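Scrolling down, you'll hit the structures one after another.
In what follows, subunit A forms one complex with subunit B and a second complex with subunit C.
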Partner chain A sequence: MLNVLAQTGPGEMLEGLKAIGAGLGYGLAAIGPGVGIGTVVGNAISSMARQPESAGMVRTTMFLGIAFTEALALIGFVVFILLLP
Partner chain B sequence: MSNSVTVEPVAPESDIARHLARRVVLVSPVFLLVGVLGWGLDGLLSSALALVLVAVNFRLGAAIITRAAQISINALYGAVLGGYVVRLALMTAVVLIVKATGLLATVPFAITLLVTHLGLLAWESRHVAMTLAAPGLRPTK
Partner chain C sequence: MNVLALDFPPVSHLFEWPDMLFGGTAYAVNKTVLIYLAAVAITGAIFLLAGRKTGSLVPAGIQHVAESGVTFIEESVVMETIGEEGKKFVPFLTTMFFFILFSNIFEVVPGIQFPANSRMAVPITLALVVWVIYNFVGIKAQGLGGYLKNSLFPPGVPVALYLIVTPIELVSTFVVRPFSLAIRLWANMVAGHLLLVTFAVLTHTLWTSTYVGAVAPFAMLTLMTGFEILVSVLQAFIFTILTAVYIGGSLHPAH
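Coming up: the complex of A and B.
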């Protein structure tokens, strides 16, 4: 592996590191929204189980909460696309 | 909580996703114009792709929730989290395929994707907040 690294030029190495960084960044950026969506849905399910008659209102708020949380993942996605060589 | 617990047969998320998709059509000329004026044909295509992705993402998310809620609320939890991963993967795959063709202008794509997603959500939140708080004062648009 060190031989392969020694044969690559500085430009190639930089491109490779940028790709690795972009992928890592995207993966890390997706963790937070995943936890957030889990929290939103978990609490919505608790509410629906306690008060099934309020399911419509809870699901409305839940969907908007999921979509807002997902915006964070989209920011990570956009950074991934911008960084990708 | 048993697996047989289901929620009432309403689908508010589908209505919200339909509203959002309709609003994507309303705001699309602005983003398409900015894309074509700033980045040419690539910008137009990239903005169009971002608008389609936003609308499809909302509709797919709502469809997953509606379908899972008909099964059980336990299925809802798994479907929403699984759907999140699947939707991100689909979006990534589509964008990488388009990027490989060389037609993707990343800046107009990024601007359109983020501004449309957040802007439309804020717009819809205003509508939903008024509807939930005071149904009589519900905005017409």
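Coming up: the complex of A and C.
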């Protein structure tokens, strides 16, 4: 392993580290929004089940909540694209 | 790029198209521009055809499409977020919804298969238009001082906290909003396009080497195409409803 690392030039090492950073960064950025969207949709479904007559209003608000939560994951995705070698 | 021994095209090849007309000038026309022109033409055609004087009382065909689109925007976007006085924004929001929808939906149209909104130019322009509109509406409804006071100093916050709240509100209302609006649309389309390309390349490679192995990625490709239709509609809807929320927030300050 160390021999392989020693054979690579400095530029290749940098490319590899960039790729690792991009992958890890997107993965980390997806954790929070994943939990958040789950919470938003879960609560929306339980309130729709309790009060089916307010389903329209709840659905609109749910999409808003998803959109705001998802923005963080998308910023992580943008960083991923920017870091790609 | 070489991913898992697949010959995956570099990202720039998926999103940058060669010029077709007027190459080299600022008015160069490529595939993205053509898709946008088509989206404008389809949106215009639907509403011009539906608005003819000969329209019947019982809507059918294209008139039905246009009328249900307008009703949808009016009832589930404007009435839910702005209220009665938002009715004058219905034409703007409807046009924007259909324009974004048609430029997204080319992602799954066979032979074209490119979401025009995966290039940043038009999403950021639309977001800046929205930015100008909600600021203008806010200043017109509350006056410059009142609008700044309501958006920078939200009522009901302890005075000492304004040290933290005001800079955050300044950045989030006037800087981050248009960018997050544009990035949300753009990044969703980029992600969808990359997803479809990945499964298409996988299907092609496995088909040329093993035939049987292509079944699983092809099933996934079909599923994802359906999912991307949903995402195209949803992103157009979310862009429209967030615009309505921002306009509504400028019209009625938080109490």
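Heads up, the rule we're going with is that the second predicted complex is superposed on the first by the 85 of 85 C-alpha atoms of A that agree within 3 Å, B and C clash if a C-alpha of one lies under 4 Å from a C-alpha of the other, contacts with A are read in each partner's own complex, and residues count from 1 in each chain.
Please note the rule applied: a residue touches a chain if its C-beta (ideal position, glycine included) is under 8 Å from a C-beta of that chain, and two chains touch if they have at least 3 such contacts.
Remember, predicted model here, so these are calculated numbers, not experimental data.
Contacts of A:A67 after superposition: both subunit B and subunit C are touched.
After overlaying the two complexes on the shared chain, residue contacts for A:G56 are found with subunit B and with subunit C alike.
Of the two partner chains, both subunit B and subunit C are touched by A:L84. Counted by residues of subunit A touched, the larger count belongs to B, out of subunit B and subunit C. With both structures placed on the common chain, the touch criterion links A:I75 to subunit B and to subunit C. In the superposed pair of complexes, A:I37 makes contact with subunit B only, with no contact to subunit C. Shared interface residues of subunit A (contacting subunit B in one complex, subunit C in the other): 56-57, 60, 63-64, 66-67, 70-71, 74-75, 77-78, 81, 84. Those residues of subunit A that touch subunit C in the complex are listed here as 56-57, 60, 63-64, 66-67, 70-71, 74-75, 77-78, 81, 84.
The touching residues of subunit B, when paired with subunit A in their complex, are 1, 5, 7-8, 10-13, 16-17, 57-58, 61-62, 65, 69, 73-74, 76-77, 80-81, 84-85, 88, 91-92, 95, 99, 104, 106-107, 109-110, 113-114, 117-118, 121, 124-125, 128, 132. Residues 11, 76-77, 80-81, 180, 183-184, 187-188, 190-191, 234, 237-238, 241-242, 245 of subunit C are the ones touching subunit A in the complex.
Residue ranges of subunit A in contact with subunit B, taken from their complex: 26, 30, 33-34, 37-38, 41-42, 45, 48-49, 52-53, 55-57, 59-64, 66-68, 70-71, 73-75, 77-78, 80-82, 84.
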